[in-house]
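Paired with chain B in one complex and with chain C in the other, chain A is shared by the two complexes that follow.
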Partner chain A sequence: MQQKSKTPSLAWRLNKLLQINAMNLVILIVGVYFIWSITSSLIANPARYLPSPIAVALSSVDMLYKGLLPSYFSDTLVRLVVGSSIGLAAGIPFGLLLGINRTVADTFQPMMNFFQSVSGIAIFPIVVIWWGNSDTTVLVVILYTSFFPIAYTVLSGVREVPIRYIHAAKTLGASRYQIMKDVLLPGSMPHIATGSRLSIGFAWRAVIAGEMLAGREGLGWMIFTGQDADKTTEVILGMILIGVTWIVLDHFLLRPLEADTIERWGLVQR
Partner chain B sequence: MSVLAIASIAVQRRFGRQRIRKLLLGSIPFVVLISLWHANTVFEWMEPVFIPPIGDVWDAIFLLQEDCPGVGAAIALDNNCLMSTHVLSSFGRVILASVIGLPLGIAFGILAGMNRIASKFLEPVGIFANSISGIAWIPLAIVWFGVGWVTTLFIMLNTIFWLMFFNSMMGVRGVARVYEQSVLTMGGSRWDVIWHVYLPGAMPSIISGMRMSMGFGWRALIAAEMIGGDSGLGFMIFTSAQEFKIEEVFLGVIIISLIFMSTDKYLLVPLEKWTIQRWGLVWKPN
Partner chain C sequence: MNAMTPKLIVEGLSHHYPDEYTGVSVHALEDINLEIFEGELVSVVGPSGCGKSTLLNILAGLLPYSVGTASVDGNIIEGPGPDRGVVFQEHAILPWRTVAKNIGHGLEIRNFPQVEREARVRDFINLVGLTGFEDKYPHELSGGMKQRCQVARTLCADPVIMLMDEPFAAVDAQTRITLQEELSRIAIATKKTILFITHSVDEAAFLADRCFVFSARPGRIKKIVDINIPREERIWANMNSNAEFIRTRDEILRLVREEVSIATEE
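The block that comes next holds the complex of A and B.
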């Protein structure tokens, strides 16, 4: 009788361990932690170039205690929410308008192409001259960056609504308004969701850049002044916060929202 | 029929009715905008400090290039040829960053797409690195490399690399296993699989990643030049704004947009279309 070996190979066990996702993440974080601390203990001037993880954690405690961190954080988030919601509110109707009428679309598309390739950051110097280093400046830059992606995706969404549905609605006597409300808007819903996620992503970058350049308090400003004041711990802390905030926002709010919208309104054509 | 009608029919036949219509309609907003701009100069609704006259913007090109000794100096990035130096140094960084960043990103992406264990570790790092957008790296890059070439190059590289990494990984994962298995069955080596299956299979995704990374990279580069650079178009518009030379800012913004638009339209979009035509997998086995 053949005896199968009971002890699985090391590679197999390792593989099994890696299949647990949380385990994976823990291994990764611990690994990064060790590599980071070893690197920072080996280089010449760690406080300036790469402070150890513990120093970064301590600085976060310090900033929390002073109440700076929550205030920066909320400032940045408020800017993102206000800027991107105005941008979306302006971009969605504009995209719908372009999608409905071919003449309007042909008229405005080349100009939109032009302005989209001027990134929000590039117009920043002009905006600064117009409005100075104020909150308006940051808001305008966010608006500008979030407007074009959403308008574009809504446009392509409206165009992808099958013409049959529009004809069907017209045959049944629907007015222009009804076609828009009952056919085009629901039909382009998945694109609106995708475009909003894209737009908010662009807006997030714009917020950080805007705060850095305009010197308004927030996370971007925190990492920028941290570099000026030689507080590298704050820079790294800010970067981690920026990354984590976006991951949380994207994976737990925007992506599920997008998936739900597509599930609810997505057209499966047969 | 009048001569005019005959001529218009001939023109329509030659260039295509739809194209002419699009061209004419598309030029309307530009014409309106430029006339408004000019009207502003004439009637002075807004001070010239805020909106410069069109002529000044045009003159700024020559003013910036005024002290240039010659073409040789312009190519050598002489400090007197401001205009060409800024444009060329931005271009140089874009090219250098793509030459280094694209192959690296593709290589790591294919590795992560092939190897489960590698992807498990690289993917979360990639997600995190992508969320810290290129711009947020600028302060740390300044601490590490100081203000100058290396910082801007690093920002651009960083942006390009992670986007390319993700796109090639997704591309490789989208390739059907059947192809890989058939190559292996016919006695192909691992290298054959990479070269003949993964790379061509992921090509459409890689090329659209390239287009995306150029878009993001170019934006990040402009921001990096503003904050941590000592040359380039971003640096030019930022310093001009600080000196309130608004005509130079307008000029820089227009040039940035034109460069990006033309590379996208005449290089990247045709490349993308061609790749999808050549390598796009239409047939998918279930």
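The block that comes next holds the complex of A and C.
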């Protein structure tokens, strides 16, 4: 397989991404705008069922002016960052521990399978019973949601480090700790990067769901209350922000980070 | 230390292991006795499945053994250790470390002072001909260069004995003969004691001072062939006219082929 000898810089990739997508993006936005506008103008009571793009834009200007939008937006982002950071900080070492110790892995594996099948939404009621409608509740759900994907990915990452690397380190006299530090940890870096991206993706969904059910502010809360308050513009605005934020985060931060790690560790050409 | 004191002693070593799929006990090695002296290059050759790689793994400490003893410098082998460096068949250099970092890894593990370590690493980079590739990553190297890097990493850690497990089996024929000549030159330069496992008769005869021919499974030492060719004369261009090389190679070939036919008849 062909391989590039130089890793392209973040700026280069960013530039390339924009160049390729610029034209498509314009067509897409214009197309959606027209279909949306026309549909909105044809239905009865558009303010209730489908406000026009202009109405949504005006509402966003209004909310920006009142300072609500920046406040909701930052609330949600802070929750994502705090919740998923704790989730990753706990999940990565846990995955490593499971990866190196078969006894620990065998003990915890059924438990991991159990919890992975119980989604973040499904644990909501019990968390609300314990912590009420609070920030803690939302954080706990984000943490729960991001913990298992990363732990699982890191576990398989450690397992997939070729045994010959471990043997080589052993014959050079490496201790268990040195094998961990010099072989298993760097060997599972690409998995850690992929798993982090996966976990943050799950966490982002959990933030919105969490705010809808237990929050008092944030984007999730905004779209949930918009439904009751008959503010459909805010519901649509919130949905757009949720999607666009993730695309920006993923394309410009998480994916390049993942690609860089995988390429830099030289594991891409297998 | 007395030159006649063996560096490596193996006495009455036998090995059985359960087959991965059937669970039936496989008899891999039977009553192996051998001694390797300081500065000697010994090759082990035999039909596939004769247990020669098993022997190397036992000596490397990567495989536990139950019957017999094996010791290096008088220390019984109980696990892997830096006194026995291993050059693996497959590329076992770490892909996330540069050439220099890979070669210095053994010294790093032993907390060698950085200045001293870097000087030593430079010496071994030069010795194996990787000068100019210090900062390259393994995926930027050819197969032959990866193996040179492995040899340098092993030697840089200064083991008592270097164990080599078919190290040139995966490289192309041209690179292979170059690597063989270079190993011979490195053996002169470092006076390192080397155990070299191979299935190539030519390679075994070209490199070794003594060649241990293994029988088909269970592996036993069928014969020890002495190869009296001064190390300085070991260049492939000379070998076709070297009577000692031709004689020993043919003898080893005959011994191995007997075993191969026994193995196929079974």
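Convention: the second predicted complex is superposed on the first by the 245 of 270 C-alpha atoms of A that agree within 3 Å, B and C clash if a C-alpha of one lies under 4 Å from a C-alpha of the other, contacts with A are read in each partner's own complex, and residues count from 1 in each chain.
What we mean here is this: a contact is a pair of C-beta atoms (placed from the backbone, for glycine too) under 8 Å apart; a residue touches a chain by one contact, two chains touch by 3 or more.
All values reported here derive from a predicted model rather than from experimental measurement.
Chemist: Examine A:25 and indicate which partner it touches, taking first as chain B and second as chain C; both and neither are also allowed.
Modeler: Touch status of A:25: first partner only.
Chemist: Taking the superposition as given, does A:109 touch the first partner, chain B, the second, chain C, both, or neither?
Modeler: Only chain B is touched by A:109; chain C is not.
Chemist: Check whether A:223 is in contact with chain B, with chain C, with both or with neither, and answer first, second, both or neither.
Modeler: first
Chemist: Going by the contact rule set out at the top, does A:74 touch chain B (first), chain C (second), both, or neither?
Modeler: Touch partners of A:74: none, neither chain B nor chain C.
Chemist: By residue count, which of the two partners contacts chain A more extensively, chain B or chain C?
Modeler: Looking at chain A, the partner in contact with more of its residues is B.
Chemist: Kindly classify A:170 by the partners it touches after superposition: chain B alone (first), chain C alone (second), both, or neither?
Modeler: second
Chemist: Which holds for A:101: it touches chain B only (first), chain C only (second), both, or neither?
Modeler: The answer is neither, since A:101 touches no partner chain.
Chemist: Which partner does A:189 contact after superposing on A: first (chain B), second (chain C), both, neither?
Modeler: Once the two structures are laid over each other on A, A:189 reaches chain C alone.
Chemist: Once the two structures are superposed, pull the chain A residues common to the chain B and chain C interfaces.
Modeler: Residues common to the chain A contacts of chain C and of chain B do not exist here, since the sets are disjoint.
Chemist: In the complex of these two chains, what residues of chain B are touching chain A?
Modeler: 21-22, 25-30, 33, 49-50, 116-117, 120-121, 124-125, 127-129, 131-140, 142-144, 218-219, 222-223, 226-227, 234, 237-238, 240-241, 244, 246, 249-250, 252-254, 256-257, 260-261, 264
Chemist: So in the complex, which bits of chain A are touching chain C?
Modeler: It comes out as residues 3, 5, 164-165, 167-175, 178, 182-183, 186-187, 189, 264-267, 269.
Chemist: What part of chain A is in contact with chain B in the complex they form?
Modeler: Listed in rising order, the residues of chain A that touch chain B are 15, 18, 24-25, 27-28, 31-32, 48-49, 103, 106-111, 113-115, 117-119, 121-126, 128-130, 204-205, 208-209, 212-213, 220, 223-224, 226-227, 232, 235-236, 238-240, 242-244, 246-247, 250.
Chemist: In the complex of these two chains, what residues of chain C are touching chain A?
Modeler: So the residues of chain C touching chain A come out as 60-62, 79-82, 84-86, 88, 90, 92-96, 105-106, 109-110, 137-140, 153, 157.
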